[in-house]
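Each of the two complexes below includes chain A, the first together with chain B, the second together with chain C.
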Partner chain A sequence: MQFQRPNTRKEPSQGMLAILFSAPAVLIIAATILAPFCIAVFLSLHNWNLKRPGRERFVGLENYIDWLTDSDFWEPLRTTFTFAILAVVVIVLLSLLISLLLNEKFPGRGILRALLLVPWAIPSVVNALLWKWLLNPQYGLVNAVLFELGIITEYQNVLGSMPSVMIWLVIAYSWIHIPLATLLLLSGLQTIPGDIYESAIVDGANIWGRFRYITLPLLRPMLSIVIIFEMIFALKVFDIIFVLTAGGPADATNVLGWQIYTETFRKLDFGAGSSIAMLLGAITLALAILFYAILDRGAER
Partner chain B sequence: MHRSKTLFLLLSIMILLVGGGAFAQDDGLKLTGWPYEVDVVTENLGRFTDQSGHDAVFLPFPSNEYHDKMVASFVAGTEFDVAYVRDSYLAEWASAGWILPITGLPGADELLADLPAGIIEQMSYDGEVYGLPYYSGVQTMAYNAAHLEAAGIEAPPETWSEMLEQAQMIKEAGVVEYPILMQLRSGENYLLREWETLTASRGGKLFDDDFNPLFHLEGSAAWQALDWLTEGLDAGVIDPASLTDDDGTLLMAAGTTSFMTTTDYTLKAMNDPEQSNAAGSIKNALIPGANEVRSGTWGYVRLYAITNNAEDKDAAWQLVQFLGGKDATGVYFVPKRWALEFGLGFSPAPLYEDEEVRNSISGWIDPDLLSEQSEYAISRPYRFVPFFSDWEIGSWGPLQAAILGDADKGEVLNDLAEEWNELKEDWGY
Partner chain C sequence: MKARARLRLIVIYLGAAIVLAGTVGPFLWLVSSSFQYERQLLNRPPQWLPNPIVLDSYREIFEGAVLGEASGVPYQSRIFLRSFANSFFVAGSVAAIAVLVGAYAAYPLARLTFRGRSVLLFGILASRLIPALSLAIPIVLVAKRIGMSDKIVTLVFINLSFILPYVIWLLQSYFKTIPIELEDAGRIDGCSRLQVVHKIILPLSLPGLTSAGILAFLLTWGEFLFALLLSETPASYTSTVVVSLFATDVDVSFVSIITAGVVSVIPPIGFALIFQRFIISGLLSGSLKG
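The block that comes next holds the complex of A and B.
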């Protein structure tokens, strides 16, 4: 008779396994998010200009105070909010309309839903380049169409003055952001049970009544997510500005994202650039929390 | 056992990746720049390898991101050996120690002796020369002779006010909607350079030789230049796309623009039938003047420099000499090739005497007019202070606002002068 050797190896505990399995993700997050964030905080508290090596020094909150007392912060902040509010309103309203349409049953709905994803699949810089061609004042398709329709009598440089530059930036930006918002809202609409609508119809509710008292309240959680997400995206807009206007004309589209880029990578002042980036991060976070609280309170009611 | 095998496999992959990275680091000299005619650069590097025995590769960055990508590379310690440098940020890179002076290196004096003093000055910072020229030239005026003829105009304008009058005639004749394109976009290659041209051609400068601002003085040439731009935009003869467009050469080649100031070599592409609808009609003229003043302009130079990160600095210097100077056979092979095949401006004196080069250029530009234009070039020493780019970046928005009439010119110019003086004091100049 043979005796089996007892297994002396100790099985790892549940807690240890959890740590082991989550370790790679934690490491990646630490390396790609936490470390750069900490470095940015560190830089924001220093005078750190790459053009002046050897003169780096700790300045505490001086960079932040400088920005908060400088119109070079408040003007771009105002432009950022103007852009973000316009963009979020356009995106949310159009996404809501499209998602309501795509939630209905009609022939070709599947194809339309698939087509909806096309703009979303285009990289944002490519989208910006595409709009740059479309809006070109000499040979752009938008000018050609408006001219042929008799809406304009001569080709316009819509990116050359306010308010047209802001309007077209919002349109170009919204075009690529609407698909994701629509998709999220559509998924929210599909969770609303059909029998609620049937009961409402029996009770004599019209289409507006059904939207106002059923769709909107039940869609509110998803709507909150879309508004918060889109507001965050819009506040940190950069790529479309980089390609289409470079912050111009006359700083009319100089948003905070562009200001950060200018300070950091053009002026090479990493201290100033990091501190303004921190301020933008704080503003975005505060707004996200505020929106969430407002929308969550509304949902509870 | 199974676990050991997996671990071994993972380790092997890691070693291969790390090893591969290490080997990739060791593939010879690395040249970086903007991606102009990459195949030609690569061919030139092949010749360098044949002559010197050093392998060399070209790893370019997009032109409009070149400055930013290079700064990131310098900071990260990426090992480029030789880099293209625009004179506009030479001071910035030299003062940060990212590029190295060539003064005193073997053979440097002989090559520098072939270059005009103005070019050497533009490649210098703090008394040291930082490279050899890739190409150089002057800002000149291009015009579409067919447009002028169609509007009944016999000769290109000699003054800026004459240009506005001719543009109005071209517009009224229905030839093109916006005859003048000025490069007024935000960016290193646009607004400030155009303002400098307009100012120099009125006999002025933005700063004096002690780096004191002149542009804000009422009635200064710089002030008049902004007034002229506003007048042209208001009259609808300067293309509003001037504020946003980033490649006027294309519009000139498309035949939709009658006048623009441009770098000399772009006329080759404008007159190339394969690239231009207006080929054959684009001529160079002296930049217009004002009153007694004639055709002031400025020169530019792009250079090859050795980076501080270069591992083998002797080999890097050999590459710089090959690219910007003579090859192993003792001829200016690369500069001559750029001039013959692509019309890039050159600096070494022997090339001016080269019959082949002279014949080639005259096919697309009037070399005598170009030569006369370069006589009017002013120096711009203020561009070589390390804080110039900081000031320039901050000037684009306010200047555009002043040109568009969205802000008071006097206030804008005074604010810009004040900002300059603060930077000057801060940097100890």
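The block that comes next holds the complex of A and C.
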């Protein structure tokens, strides 16, 4: 409901005020997001290699066609999907478990929740350094623990071969992403009224039944948000690859983010780099919309 | 029933212990390693606690920064403190400017009725959907052409635009929680819109502004892609860039690498734990780290 607000002085209209107030922010965003985006589209339609200056020319959709007919696009795409699916599954499952734990009342809960911010606050590059250290073939703690437990008989170079490199990459990536997902799911859990559970207990529902028929459906909106956002993040993974694997061994972790980086900033082919970046953006957007449609429709049922 | 309650607590604390170990364990091991001698790190089984506590790698960082090449420490150690200062400058400036500019942009979105309001809000949020990698290419190209590459001012500007949508969203939802009656009372007393913002909205939004500022600081502190692409010399390296230079160099001793990692997260982890209430409330008001 909108009340007529008292106006005691002559002043600009609300629309004018809105323009004046938001102008600095809009200008900054336009200059650093909108304009670059237009230039990126422009570059993606051109032959634009910094190694061959003066040879820039318009090529239409040629860059895109080249990528779509090249295994240098499809292989990294498959790797990206493998990584993203594994990462989203690990993040969502673990953060669901942790949020269910934190939704219980027990002394020390607040401290545990606060300590979740430790991995969250660690920059992705430092996280990569941390795991490079934990997984070190000679000194690594992971090797030491597995060795002491008798699971392995000698120290392994897990980052040197498939599939272990992918598994540990997912674990390392997930480690700093779980806290936020947990906090979001926890906030979703806390909106579920306690008396629903009480009446379910009266009706004889066991713990699994309560989870399956009360928690999961009511948590669905927040769960959808977490899944969609984590997927968007995982598809554009780059930082951790840069430090931990550099796409290796033998392209085993060459995701699209890394492919874009090497194409553009090592081969200096800005045209090809821009077009593959556009393809990644389009795939991400399409998947986000698709997921949203599926998860949203499911919620209505 | 009593046995049941006890069982419940046992299960909970077992789970809590696992979560605790998984959450802080890896990081504590990094800290512990940073205080050991390089050769101690080779011990099997691993030496959990440093004995003695070795501060050599921490001293290297300070000596390197003061003495430069004469100190004989690795290149990365010499430039580390400078990059640390650069990170503070960039993250601090971004936080301050983002909150200031963001607050003015958030107010009309929260309180004014005007045509294009939802378009503006959607546009601001949608700008974050474009992958940073695709924007990085033209931004680097243009920055090099106009001589703005390798300057930390450029990093402030670029980070600002990625943080702003997020800050605006957070603040506009916070402003909406302030009772409109307070604003109306101010209007009756003859305040202009600008005075309403300055005298009523902003003072009452201090917790929201704090949340936004801290989150902006933390997200900028950890930013890597643009920091990497827009820097060419130590003058503009941020700490994440130097950490990556450490971590991808096989010739530097592990203790030095680890120590750089530990020192570079002291500000974000310290902030996160000190301001945890602000951060959790900020994070939960519908925004994500990306």
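Here, the second predicted complex is superposed on the first by the 291 of 301 C-alpha atoms of A that agree within 3 Å, B and C clash if a C-alpha of one lies under 4 Å from a C-alpha of the other, contacts with A are read in each partner's own complex, and residues count from 1 in each chain.
Just so we're on the same page, a residue touches a chain if its C-beta (ideal position, glycine included) is under 8 Å from a C-beta of that chain, and two chains touch if they have at least 3 such contacts.
Predicted, not measured: the structure shown is a model, and the values here were computed from it.
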item: First, second, both or neither for A:K267, with chain B first and chain C second; value: first
item: Chain B versus chain C as contact partner of A:I65, first or second or both or neither; value: neither
item: Residue contacts with chain A in the superposition, chain B compared against chain C; value: C
item: Chain B versus chain C as contact partner of A:L159, first or second or both or neither; value: first
item: Contacts of A:P123 with chain B and chain C, given as first, second, both or neither; value: second
item: Partner chain(s) touched by A:G257 [first = chain B, second = chain C, both, neither]; value: second
item: Touching partner for A:I201 - first (chain B), second (chain C), both, neither; value: neither
item: Partner chain in contact with A:I85 - chain B first, chain C second, else both or neither; value: neither
item: Touching partner for A:L134 - first (chain B), second (chain C), both, neither; value: second
item: First (chain B), second (chain C), both or neither touched by A:A246; value: both
item: Chain B and chain C footprints on chain A, overlapping residues; value: 136, 138-139, 246, 265
item: List of chain A residues in touch with chain B within their complex; value: 50-51, 53, 136-139, 154-155, 157, 159-161, 244-251, 254, 262, 265-269
item: In the complex with chain C, residue positions of chain A that touch it; value: 2-3, 5-9, 11, 13-15, 17-18, 21-22, 24-26, 28-29, 31-37, 39-40, 43, 97-98, 101, 104, 106, 108, 112-126, 128-134, 136, 138-139, 141, 144, 147-148, 175, 179-180, 183-184, 187, 229, 232-233, 236, 238-239, 242-243, 246, 257, 260-261, 264-265, 270, 273-274, 277-278, 280-281, 284-285, 288
item: In the complex with chain A, residue positions of chain B that touch it; value: 67-68, 71-72, 75, 92, 95-97, 177, 185-187, 239-241, 243-245, 251, 254, 256, 386-387, 389-390, 393, 396-398, 400-401, 404, 406-407
item: Chain C - residues contacting chain A, complex; value: 8-9, 12-13, 15-16, 19-20, 22-24, 26-27, 29-30, 33, 41-42, 44-46, 101-102, 104-105, 107-109, 112-117, 120, 124, 127, 129-135, 137-142, 157-158, 160-162, 164-165, 168, 184, 187-188, 190, 192-193, 218, 221-225, 228-229, 240, 243-244, 246-248, 254, 257-258, 260-261, 264-265, 268-269, 271-273, 276, 279-280, 283-284, 288-290
